[in-house]
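Each chain gets a letter, A, B and C, in the order it is written, and its residues are counted from 1.
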Amino acid sequence: MTSHTTPATLEARGWGWRYATRLRWAVRDVDLRIEPGERVLLLGASGSGKSTLLQGFGGVLGGADEGETHGALLVDGQKPTDARGRVGMVLQDPDTQTILARVGDDVAFGCENLGVPRDEIWQRVRSAVDAVDLDVALDRSTAALSGGQKQRLALAGVLAMRPGAILLDEPTANLDPQGVQDVRDAVAAALDVSGATLVVIEHRIDVWLPLVTRVIVLGAEPEGTVVLADGSPDEVLGARGAELAASGVWVPGHPPATPPAPSQRPGETLVEARGLSVSRRRGLVVAGPFDIDVRAGEALGVTGANGAGKSTLGLTLAGLIPAESGLVSALPTLAAGEKSDPFRWSSRALLTRIATVLQTPEHQLLAKTVRDELSVGPRALKLPEAEIAVRVDDLLDRLRLSSLADANPYTLSGGEKRRLTVAAALATRPRMLVLDEPTFGQDATTWAELVGLIARLRDEGTAIVAISHDEAVLAALHARRIEVGR
Amino acid sequence: MIDPLTARIERPGPIAPRSALAKLAAALLIALPLVLTIDVVSASVALLLDIPLLLLAGLRAKEFWTRTAVLWIAAPLGAVTIALYGATSGTIHFEWLVMRVSDGSLTLAAATAVRVLAIGLPAVVLFVTVDPTDLADGLAQRVKLPARFVVGALAGMRMLGLLVEDWRALALARRARGVADEGRVRRAFGMAFALFVLAIRRGSSLATAMEARGFGGRGPRSWAREAVWDRRDTLLVVVAAVIPIVAITAAVLTGAWNFILGPTA
Amino acid sequence: MSTSTSGSTTESASATASPSQGLGRPELWRWRGVDIVVASVVAVACALVFLLWNVGYEVPSTILTPLLPGVQGLLAGPWLIAGVLGGLIIRKPGAALYTELVAAVISALVGNAWGPLTIVSGLVQGLGAELIFLVFLYGVWRLPVVMLAGAGAGLACGINDRILWYAGADTLFTTVYIVSTTISGAIIAGLGAWLIARGLAATGALGRFAAGREVTARV
């Protein structure tokens, strides 16, 4: 298959960008040149500006009212906004990149914007869909696709534009292991076909290392954004492997610190499920039947492919959604005076017994400041203000949120929001904690921190139910596994 | 979850495959003239003439009753309001405080109810079979509305399904955090606000993704799907135009015509 | 150490436009992609609110109506929020009209009691808010103006409903109804939209809009 475009040159000459809402320059004075056809892995600690740089190349940063710029950013010698269609970007969130309702239409969207004639559009659509190995009909609904399929759909949409450069901003952060592999393979196939320049930002670099020829590490220094390292993968990782691992990258050979094995044997059973079948909607069984015991001081890992029903099972055990059939019962030691079915408990009763941390932090933010967010649970329990203050300060300390105590929760970074939602669940000292994908989309540092925290809770006697497609999490927690969907 | 706005189901009958633009035009053509008068004759004749349209639309029975449920509730309620507070004329049957039920208000009430059905039923039935992408294509290519706005609106509409899922998750979160026992109204406001935040964050992300695919650029835009219009679409529109004409003629001939801006309205 | 290559320029963020520049500002007339999409998404979120309110308003309505015919107009506010909020966030000509219209179209497509005439309502109500924002040259966005825009939408709603739906009603009903919808528009749609926009700005969600930047300082 022939491609009709030439690979693009990407260049930054003393370029900087400051968002209108920030004091600090996101990128300042960076000098960088990427030759046509190169495949670059762009790394750097958070705050180094790598994502801003990528968005700058993509031409999506916005105009003069959204920020200031200095220096020049060039794609084939032109400004990125003048080179629309030369650069294609795939972003992190699968859901906000599907633009139209049907697969074929979505892939055709980029071509329509470039004014490609109709017949050629559909030719390009078909070859792009084949290139990414997306084996679905062109009139399939995009909402019905899995995360990995949606990201491949976005990639197909980019490929159909025949860009000279493909930029990927954490494309696999929100995917399960199968999805990660599929997307990586699709990118490899796309590059074989088009020979375009590639720049990819990712934390989990092991799948990308075989594909890239050059690794660039950015750092934010006082004098500006500096290229800390630039060379072949072996050179850079050899010289700076430990440093990169400390900044949150999963460097092969430098795994994040994992907590020690449990010091005690599991304690008493707190919740048991017998013949449990779960469903999202009445009558539509998603998974089951299960026989499960949730024990104090033990981590139970719920694993399986995305969509198999892991979350549904976890939420049913947590008393948030009703069981389709079978029984979920809390033993008297946990129920402590309430009925045995957690779903029948009032929401206040759940607070000290079973706490749940959902997958998306933004669904769980209730207050205007971080401090108030942590106080919501204790206030609902009608604890005295002094006690609330003590607990909140303790949690702010333990989870390193003290400097953010008066910030609006929505303004926190992804990792900070996750720590906040976990802290909020702990404010009422629950005996059982259910966590839905706690390390989803996080870098290695946050990963290690959260896993360490969960392990400590386990050792203190809390029953942990961890829903995760990440095998490493379950291994680190020495969790007993329940597999859903096989 | 496949949301109601984007699922494409194959439907039987001659109406479903018609262009979305034709269906929109048809619904408007039935509605607008009928709105000009409030009398039982025009409304009933129109409702009668609507029936073939309803039967040919290709909706399954269950779907029909679920989607039109809103109308079957709204029509009698609207009628009751008019019966109690409508313009008085003729014999007064019942009077209490400001309520006054008379011959006149009862006729107007009946007319209101039937009119809601005569306008609403074909509209619901036609709109259920409209695919938003087709409608957007029609509006941009044929009616020549500005392409960026139509496409932007279409892309934004996809958020509806996601937001419905978000609402469910928001409710679960409130239960998990201990605040779902009381204060339903306050909680609803809090959830609605959170929904706005989620919507706008997603919208901003979506806008970036669209810009990354060249949306909003300066050059001319092409269209992957052609918005077609054939004779059968014209036929649908003509039929839809004829229904209110016949209904109004009947009303004028029987003397029941009652202009909404006229003296007795 | 920074060096400027020859030919590079420093473009600074424009200061918040002063109302005295009026309609002449060029950036006022060009909608960005993010303006269109966020306006659409606000419309979608409001349409969801509409759909919930379509069901929810029946009970308060049946309670209010016997007290004073026409006073159920006080419940009209939620349907007017889309236009006012859209105008307040996007701050460009046509924003109020566009957002209210798109919300109405979605509401009609999903199915409601008013069918295609919802679109007419949306058009009229959106215009009501739009005209007020126009009078202030799209430059003043303080609470009194926003409430006035809500009132404008409410007034338009009252007149529209009276003509299309309550064509059989008497003078008392008409007056009470239109006054009620106007008040409801000012308070629920006007004040409500203003509070929502303030809350949204505090969360940082409006970073790409002037509405977000004027409330929070650079952090």
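The rule is short, and it goes like this: a contact is a pair of C-beta atoms (placed from the backbone, for glycine too) under 8 Å apart; a residue touches a chain by one contact, two chains touch by 3 or more.
In this text, all values refer to a predicted model and were calculated from it rather than measured experimentally.
Participant: Hey, which pair has more contacts between C-betas, B-C or A-C?
Facilitator: When the contacts at B-C and A-C are counted, B-C has more.
Participant: Going by average Cα coordinates, which chain is farthest removed from chain C?
Facilitator: Of all the other chains, the one whose centre lies farthest from chain C is A.
Participant: Rounded to a whole Å, what is the gap between the Cα centroids of chain A and chain B?
Facilitator: Comparing mean C-alpha positions, chain B is 39 Å from chain A.
Participant: In whole angstrom, what separates the CA-based centres of chain B and chain C?
Facilitator: 20
Participant: Centroid from C-alpha atoms only, then distance chain A to chain C, rounded to Å. What do you get?
Facilitator: Centre-to-centre distance between chain A and chain C: 34 Å.
Participant: What positions in chain C touch 2 or more of the other chains?
Facilitator: Expected reply: 32, 34, 203, 205, 207-208.
Participant: Mind pulling the residue numbers of chain B that touch at least two other chains?
Facilitator: In chain B, the residues touching two or more other chains are 132, 155, 197, 201-202, 206, 208, 210-211, 215-216.
Participant: Note the residues in chain A that touch 2 or more other chains, in rising order.
Facilitator: Counting only residues that touch two or more other chains, chain A contributes 410.
Participant: Name, in rising order, each residue of chain C that touches chain A in their complex.
Facilitator: Of all residues in chain C, those touching chain A are 1-5, 7-14, 27, 32, 34, 202-205, 207-208, 210, 212-213, 216, 218-219.
Participant: Which residues of chain A touch chain C in the complex?
Facilitator: It comes out as residues 13-14, 19-23, 28-29, 62-72, 223-224, 368, 408-411.
Participant: Which of the residues in chain C end up touching chain B in this complex?
Facilitator: The contact residues of chain C facing chain B are 31-34, 36-45, 47-49, 54, 58, 62, 65-66, 68-70, 89, 98, 102, 105-106, 108-117, 119, 163-170, 172-173, 196, 199-200, 203, 205-208.
Participant: State the interface residues of chain B toward chain C in the complex, per the touch definition above.
Facilitator: Contacts found on chain B: 4-5, 24, 27-28, 30-31, 35, 38, 67-68, 70-71, 73-75, 77-78, 81-82, 84-88, 97-99, 105, 108-109, 111-112, 116, 119-120, 122-124, 127-128, 130, 132, 148-149, 152-153, 155-157, 159-160, 163-164, 167, 192-193, 195-197, 199-204, 206-208, 210-211, 215-216, 260-261, 265.
Participant: Would you mind writing out the residues of chain A in touch with chain B in their complex?
Facilitator: Residues of chain A touching chain B: 55, 58-60, 84-85, 88-89, 91, 93, 95-102, 104-105, 108-118, 121-122, 125, 139, 141, 143-144, 154, 157-158, 161, 315, 318, 320-321, 346-348, 350-351, 355-356, 358, 360, 362-366, 376-377, 380-381, 410, 424-425, 428.
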